[in-house]
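Below are two complexes that have subunit A in common, paired first with subunit B and then with subunit C.
Up next, the complex of A and B:
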């Protein structure tokens, strides 16, 4: 057991960071009813990564910055495009999401296939490989994770106000658009840093599932945050262990474990609720 | 270039099935977009992927399953999934839209785990995910044709009901249309269409073939009929040019089709904006 932890110490460190920031960001996304936006941003950031690696393979010496930067940049563009498309379809604003989902995926597929077909690369970016991370990944994740957390801690009140009461926040003079834009940048950063370990197809699951689980049991915003972090870190650790033990895909295992957590909380709650009703009836 | 398409069987098959899909997908898409449930196509295609992965896994484990193609198991999954999704939405009363990313993530996670249990990611899996020009065999073509005919027939049969439901569900139900029944039939149609488009465009991109043409047509048309016409026209143009471009440059077929569609949408949106600006400038001149 200890050897296992030592062998995959980078994976464990990364999963601790990711397991904290993903549900943190996810809580704000879910509460603002933007949970589908995570999908769009992750698809867009995938195409950014594809463009980055295409440029990297064309340009011989590597002054191309890390792929995460391309990913973040594209994810931000994606968020802006969502807004732009929403205005273009005034009475069907929800259609902007599937359009951009398709565009991001199509672009990344074409870019990846332009570089000598689908190789190991695209698999790693689609579905992630947490067990294969190295020291550089850990440093990138650590830096971006710290940035995200610091921005959040500094602006917690502002984010909270904008999320729950837009009108009130305007009254007390919070620059709403700036805060919203910052939130989008944070989401983009989180996604592009998580893609390496969980994979772009599964990032939004990690952002949404733990939050959905704790939404079932928590009674306030703070407990929502805490519980969702607890659930996500638990799921990631168990998933990491299982995927190593049975040689399964890491990202998929993590998502399945968090889905199991969700399901069991749901069933326990339902069962408990019904028995309490039955009890109250008997009285 | 064109000779190749006449000469090689696999390209002919791709072209023919492209035409069929290019007609059926946007028809379903128009209904979905008007009903504001365009994300259903995304969800169902991901659920189909879960089924395909199950099929691949079973084929690997039990020789008995060699007979059953993974695609048919995928279709079965999306049929069941379509019926379950509505129930999932009820779990979160105030956060209905949460159900969708959860289903997306869980089905992808499940499929990835199963695939890693079977053969791992090989060319076969990538064909299912992203589609391929060479993936359509003669037998597939016959299936695609047959299912497309059935789907079109049912749509013609239920056209009035679907039309009514798309615009006003409450009025439809009060005027005696069996809303639940029609909805279930429609979900089955979506699942069927996804299963036949899977070979060419791939699971991750099917939904774009369903929603993007309808989105383009939404910008151009003034009536429901026009919307059908425009969306079919646009999707056919995109599929043809996508097939040719992807063959010519040797890039992924499904992705190319999607990029052509997005370019068409972008051009339409920009032109509309330009026209609006021109009109407002003219008006300003008149006022002055």
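Up next, the complex of A and C:
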């Protein structure tokens, strides 16, 4: 066991960071009814990675140390476009999602095809490979993860107020637009770092599943955040271990464990055990 | 002097339809103003103008003796919207968490709730009669209780001006009576100025210092006693039809067309 932990120490460290920041971001995504934004931004992030790979194959030297930087940049652009389109079509705000989902996927496919097909690195971004992460991945994840967490801790009350009632927040003097902009940037940053470990196809699941599980047992917002983190970290560690033990795809195993946790809590709640859980921890 | 709200010849229109025409009124410190009028009379638009959500086409609005464009002290104003109880009922927030947001503007950025703030929140919850409900999910409360949560949110920052847009819609009679007592307590003890929009003319005239009757234009603006003396004429003008006033034993007033 200790050998396993040592061999995959980078994977464990990244898991812990991703396991904490994903549900933080996921909670705000879910309560803003933007659950599918994860899919959009991971596709945009993937197209950034594809562009980075293409540039890397054309230009012999690069000033950008890792493809994640391209992914992050594209995810931020995607997030800003989602908000812009939501404002442009206030009566059909969900229209921004399929537009950018299709655009991101289309752009990725075109850029991949320009490189004469998929290669191993791109596959890692599509489905993730937490057990294959290296020190550079850890440093990138650590830096972005810390930035996300610090902003969240410093501006938690503003994020909550704006998410609960944006109009009232403006009235009491909270800079609503700035807070909403920062939230979007944070969502994009989180998705771009998570894509490397979980994969663009599965990142949205990790952001939404733990939150959905927590919604079943939480009364308040803080308890929702704490339970979401607990379910997320648990799913990641168990998934990591099982994927190593049975030589399975890491991202997929993590998502399946998350789904299993969701189903378990749903069934436990249905059988009437929820009262004791909620009463002991839900505030 | 000391006017919390001062409207000077304010007019507003949506597209080509005039919603408010030449409205002038003021609310001074410690006063309680009741604003009444039929549906679509422009009451909510007037509130939006006062809160800076809309800009007047003509006229001037001053808040605490400052032109609204220069006014920055929004935490001085507590607001309970007409739509407060139509929020997303599935939102996972406790009563305590919702009421605490009323303090966030005053606290400023990068600050956490301390012991003092938590006591203020509990006081506000107590004041609206919801002690013991702090840990409850707001979505699980009744409509009347939810409305009281939003009133607690509006008063937790100890505002100098409280604006309430039809806050007693969907609230039962007992809660409504307690609600008016709470408002009078706020006005009497904390000298809070109150602007209350309501359909309940009887309740308004029984509790306020000033009455304003609005239907695009201001038909009446004065003391409740003056209003009661001329209410049949005022109400007929306000609703555009002949109206007979019926009073019942509980102090309420019915209007029959």
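Please note the rule applied: the second predicted complex is superposed on the first by the 259 of 283 C-alpha atoms of A that agree within 3 Å, B and C clash if a C-alpha of one lies under 4 Å from a C-alpha of the other, contacts with A are read in each partner's own complex, and residues count from 1 in each chain.
Basically, a contact is a pair of C-beta atoms (placed from the backbone, for glycine too) under 8 Å apart; a residue touches a chain by one contact, two chains touch by 3 or more.
Since the model is a prediction, treat every value here as computed from it, not as a measurement.
By the touch criterion stated above, A:5 is placed in contact with neither subunit B nor subunit C.
Within the superposed three-chain model, A:247 lies in touch with subunit B and out of touch with subunit C [touch as defined at top].
Of the two partner chains placed around the shared chain by superposition, subunit C is the only one that A:157 touches, whereas subunit B remains out of contact. Residue contacts after overlaying the shared chain place A:268 against neither subunit B nor subunit C. Of the two partners, subunit B and subunit C, it is B that touches more residues of subunit A. Using the contact criterion defined above for the overlaid structures, shared-chain residue A:222 touches subunit C, although it does not reach subunit B. Of the two partner chains, neither subunit B nor subunit C is touched by A:139. When the two complexes are overlaid on their common chain A, residue A:167 makes contact with subunit C while staying clear of subunit B. Overlap of the subunit B and subunit C interfaces on subunit A: residues 215. The touching residues of subunit A, counted against subunit C in their complex, run 31, 154-155, 157-158, 160-161, 164-165, 167-169, 171-174, 215, 218-224, 282-283.
Against subunit B, the residues of subunit A that register as touching in their complex are 30, 33, 35-36, 38-39, 88-89, 92, 94-95, 97-99, 101-103, 105-110, 112-114, 118, 123, 127, 199, 201-202, 204-206, 208-209, 212, 215, 247-249, 251-256, 259, 262, 266. Within the complex formed with subunit A, the subunit C residues making contact are 51-53, 72, 74-75, 77, 79, 81, 87-88, 91-94, 96-98, 100-102, 104-107, 109-113, 135-137, 140, 153, 157. Chain contact summary for the complex, subunit B toward subunit A: residues 33, 36, 38-39, 41-42, 91-92, 95, 97-98, 100-102, 104-106, 108-113, 115-117, 121, 123, 126, 130, 202, 204-205, 207-208, 211-212, 215, 218-219, 249-252, 254-259, 261-262, 265, 269, 272.
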